[in-house]
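Following: one structure in structure tokens, then a few remarks.
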Amino acid sequence: MIEINYNPNEMLICTASRLMSDNSTAFIGTGIPMLAASLAQKMHAPNLMTIFEFGGMGAILDDLPVAVGGRRSFHKALSALGILDVIEMAGRGFIEYGFLGGAQIDPYGNLNSTVIGDFYKPKVRLPGSGGGNDVGSHCWQTIAIMRHDKRRFIEKLDFMTTPGYLSGPGAREAAGLPPGTGPFRVVTNLALLGYHPESKRMMLLATQPGVSVEQVLENTGFELLLADEIIENPQPSAQELRILREEVDKEKFYI
Amino acid sequence: MIEINYNPNEMLICTASRLMSDNSTAFIGTGIPMLAASLAQKMHAPNLMTIFEFGGMGAILDDLPVAVGGRRSFHKALSALGILDVIEMAGRGFIEYGFLGGAQIDPYGNLNSTVIGDFYKPKVRLPGSGGGNDVGSHCWQTIAIMRHDKRRFIEKLDFMTTPGYLSGPGAREAAGLPPGTGPFRVVTNLALLGYHPESKRMMLLATQPGVSVEQVLENTGFELLLADEIIENPQPSAQELRILREEVDKEKFYI
Amino acid sequence: MNILEEGIGELLQPPDIDAFREWNRKKNKSLTDKRMTEAEAVRRYIHSGDYIGTELYGSVRCPMSIVNEIVRQDIKNLRVVGQGVYETDILLAAGLVKEMDFTYIGLELYGISHVIRREIDSGRLGKIVEWSNGSLVWRFKAAAMGVPFIPVRSMLGTDTFKYSSAKLVECPYTGVPIALVPALILDVGIIHVHRADQYGNCQIDGISGFAYELSRASKTLIVSAEEIIPTAEIRRHPDRTIIPYYLVDAVVHAPYGSHPGEMCYLYERDEPHIQHWAEVSKTPEATQEYLDTYIYDIEDHQEYLALIGEERLKYLQDIVPDRG
Amino acid sequence: MNILEEGIGELLQPPDIDAFREWNRKKNKSLTDKRMTEAEAVRRYIHSGDYIGTELYGSVRCPMSIVNEIVRQDIKNLRVVGQGVYETDILLAAGLVKEMDFTYIGLELYGISHVIRREIDSGRLGKIVEWSNGSLVWRFKAAAMGVPFIPVRSMLGTDTFKYSSAKLVECPYTGVPIALVPALILDVGIIHVHRADQYGNCQIDGISGFAYELSRASKTLIVSAEEIIPTAEIRRHPDRTIIPYYLVDAVVHAPYGSHPGEMCYLYERDEPHIQHWAEVSKTPEATQEYLDTYIYDIEDHQEYLALIGEERLKYLQDIVPDRG
């Protein structure tokens, strides 16, 4: 076996990228999702339909977008209208995957990107919802991309910006959110996580290469369910790494 | 005095045209309003901002529009988007005049363009509201253009398609219609009519040349108020007639 | 929500946004060649009893080649959202329309529709629910947004409201009465455009009428286009794509597809033809003869164009004026 | 209307549609030359305490020449609708913002805003009301429609709802809970476009972000444009006029008006400049120095461009790739 050198960030991007299937529609937020989408288009999903918040739809990600409204987000796109068109597209159920980030996540996949500490006297004022809440409300399956530690994976959020499963089974529907929607995966530097089909609580599905289940549990601030079989994610392939480094982020914005 | 030959239709068009002031915004329906708007642009109101229902705004009426969505309705226009943009423009209070037609009108300026007879078993099925109700609801001042006879000017409509003053003073506001809006003038082959500022009932302001007040009253199926001073409208000028015949309706669609 | 008043019109198509979402989720998102003939598009996608809408404004950009094919295939019991002119008249004349959400059916400068009265009298057109044009486009917009209703200040205080299925409520922010209209989801939308690629990415020149909203309110969308263009051309001007491919199920190449209506910048209205219809539609016999000549006895749109004649079509192009 | 739940956020700008209508009625509808300098536009139209919004998406098509002039004229106590990046950061850094309807303030890939925390701590930024991007554009849309509210399925069940001024009601058609958000009417909207004529008819290339809705939700609208074009050119392509003249109060010619942001098809982002701001905005001292250098010590946008330098600006043009 050939030893391959890569950093945890690269592993994270590859894991997210592998979740993006060809011919599916995916709402792409700033940062890692952009890298993952570009990698996916160049690897296994040439017709991944990327949707960027301010109007770009079906872009070819020759150059890595650095802003969700930049021209790279609608480069050679199929359609480039406004934010309302994108939000409405999600509202009508046309967007399968929504890739999201956040500063905190709870066992039900709810996300905080608004404040750390008290709302009126915050320790840290975060960027806010932006399109996050809309994506979490309307896309069929949301995928959160997070750094994995105890301050971020917590039992109770300081502020619930974006809905996951709210307080548990049935809560989304009771709140009026579209039936059948909700969190699908969480991708971190340590693991790939999903949700228990009944309890809707977060569940460990796979660890990143070289990471133990114990490490994941230690870095999670709430009780994590374990899948019956927990696999180890495959390492980034040499091809993934080459494309990621030489083609996706050739300007070295992220990596 | 030179004798000028013209038909009642031409008189009607000239009367409507004179109501269109330069630099005002006017919603133009099919038929007479198109002729009047074209004449106004060529006479006294070169910057009359014509608004056509399906998106055309600020067109130069070189050729007479024959359909509210035809290319003549946005020929050399300033803007040509969709119907929603136009309806919203009216909704936000940007359209001063709305020119409307109808098969029946009542003393409060309410209009019927839906059915003659019973709704479910109509004697005549008319074209329906189209944009009429929207114009009557949202434009500041509506101007109805009608043929004047007892079957059309009636006490009680078979169907109220488009709101005038509804049942009288305060009724529009009570119904939720925007304050300050309502019928302004009625232009007919016999007369120019307005509304009493308090009672909101229709009032005779002027007769067409050669028409007596009695003739107007005889052809009106309800009690008509009379203005303190009832003038006679000036005849079409030679210039108006020439432009109308040679430039406005050069294809002889209407005249 | 406290309802002050309700229209008595039947809700012909319930605003079931969640079912609409499920439907849209299953729609094909891949770039698939969707080109097909009128005959195939209509056979596959329009069925007896469907709730349909043709997008147009006056006799402009009418999807006539598709409408004629519906008549040819004799698809009955249609429920139709009726902001229509010549094309809806044709469907009515063929006796295919059972129910209507209605705002305007007429022949513009040629006045009222003659066939609608016959269809009401015959009992074939059994239900008419009233709306205004603004209310209809807002109903489409609500569906496009993915919400079950939208507030409007049209129809208030009138019989148009009474015979609609709108509801009157008190605005929770301002306290004034306001109408709510239900989202309108079409089984099939039909739109004629200037250009489309094989996947259904569409461009329209000039005013866009109801196109944006109706395309997004349709479960199935049939597009006919004057011209099929390469996708590379779409990608060079993505800000011109008013209808993106994922909304579209069938792409039909239809030059002069709006005839006898106009297509701005390409060809003008065929005024004598429309006048002819206004005249013959006055009697059932002449109507039938018209339908025979221009639809039933004709194989397809190509044969229709041959019947109209190259010279006439060329003339309609030639009289298009310069943009200014 | 039966309200199930209400957000506790204050309604910073009430949805008074009737007052908005009265205002719009009085707006000038004639074709008037509205060209003026940044200084004049800001002096005439933006006042202490005004509720303003800058239209942009990320560091793209930002109306920076106008924002810089607001800072130069030191117009305080602004109430701001905040979907913003660099430009809102600048207003906050200059201590001009008192209240915000908030959805996103950050520096995109450079992370959180450093100045907002200082403004909250200082007490100058006294009120923040939460929303999502979707809710904000729908709030603009409601104002554009001329209705006091609009239903949305965003924010439901979250603290974003709780700290907003949305209301939860039961849908009268489907019975499910749905959020209503109030129309958002701006005192002043500020938009940067590719091209405008002297009257304010505007064209935008590429995605249009919030432009359609925000322009129609503004009582006063300041437009800056890369290029001023003849009205005849507008009239040749009226379907490109996303913002018609009647909405616009001031037209400012501003080449490179979005710098350091990008303007698609014209010039790219000035990445080092944005990085520089992300760095210096970490401390009050360096922030002040930045504001001095690029705004306070500068006369106008021409001088700003001279400071950035012709070579740099040329480079940002040169790296724009082909459309494909």
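In this document, chain identifiers A, B, C and D correspond to the written order of the chains, with residue numbering beginning at 1 in each.
Throughout what follows, a residue touches a chain if its C-beta (ideal position, glycine included) is under 8 Å from a C-beta of that chain, and two chains touch if they have at least 3 such contacts.
Since this is a predicted model, take the numbers as computed values, not measurements.
Enquirer: Comparing the two chain pairs, does B-C have more C-beta contacts than A-C, or is it the other way round?
Expert: Of A-C and B-C, it is B-C that has more C-beta pairs in contact.
Enquirer: Please tell me the distance, in whole Å, between the geometric centres of subunit B and subunit D computed from their C-alpha atoms.
Expert: 40
Enquirer: CA centre of subunit C versus CA centre of subunit D: separation in Å?
Expert: The answer is 37 Å.
Enquirer: Mind checking the centre-to-centre distance between subunit B and subunit C? Centres are C-alpha means, answer in whole Å.
Expert: 28
Enquirer: So which stretches of subunit B touch two or more other chains?
Expert: In subunit B, residues 56, 60, 74, 76, 80-81, 90-91, 138, 178 touch at least two other chains, as defined above.
Enquirer: Return the residues of subunit D touching two or more other chains; collapse runs of consecutive numbers into ranges.
Expert: In subunit D, residues 17, 138, 145-147, 153, 176, 178, 206-208, 235-236, 238-239, 323-324 touch at least two other chains, as defined above.
Enquirer: Can the chain contact pattern be summarised as a line, a ring, a star, a complete graph, or none of these (other)?
Expert: other
Enquirer: Applying that definition of touch, give me each pair of chains that meets it.
Expert: Every pair of chains meeting the touch criterion: A-C, A-D, B-C, B-D, C-D.
Enquirer: Report the residues of subunit C in contact with subunit A in the complex, numbered from low to high.
Expert: 17-18, 20-25, 27, 29-31, 143-147, 199, 201, 216, 231, 234-236, 238-239, 241-242, 244-246
Enquirer: With touch defined as at the start, can you tell me which subunit B residues reach subunit D in the complex?
Expert: Going by the criterion above, the answer is residues 22-25, 47, 49, 56-58, 60, 74, 76-81, 88, 90-94, 96, 138, 140, 178-180.
Enquirer: Please output the residues of subunit C touching subunit D within their complex, sorted ascending.
Expert: That would be residues 1-3, 11, 14-17, 138, 145-153, 167, 169-174, 176, 178, 180, 182-183, 204-208, 232, 235-239, 323-324 of subunit C.
Enquirer: Under the stated contact criterion, what part of subunit D meets subunit A in this complex?
Expert: Touch residues, subunit D against subunit A: 56-61, 82-83, 85, 102-106, 108-109, 112-113, 116-117, 120, 130-135, 137-138, 141, 153-160, 163, 168, 176-179, 206-213, 262, 264-265, 268-269, 271, 320-321, 323-324.
Enquirer: Name, in rising order, each residue of subunit B that touches subunit C in their complex.
Expert: Residues 30-31, 53-56, 60, 62-63, 66-71, 73-76, 80-84, 87, 90-91, 110, 114, 119, 122, 124-134, 137-138, 157, 159-163, 166, 171-172, 174-178, 253-254.
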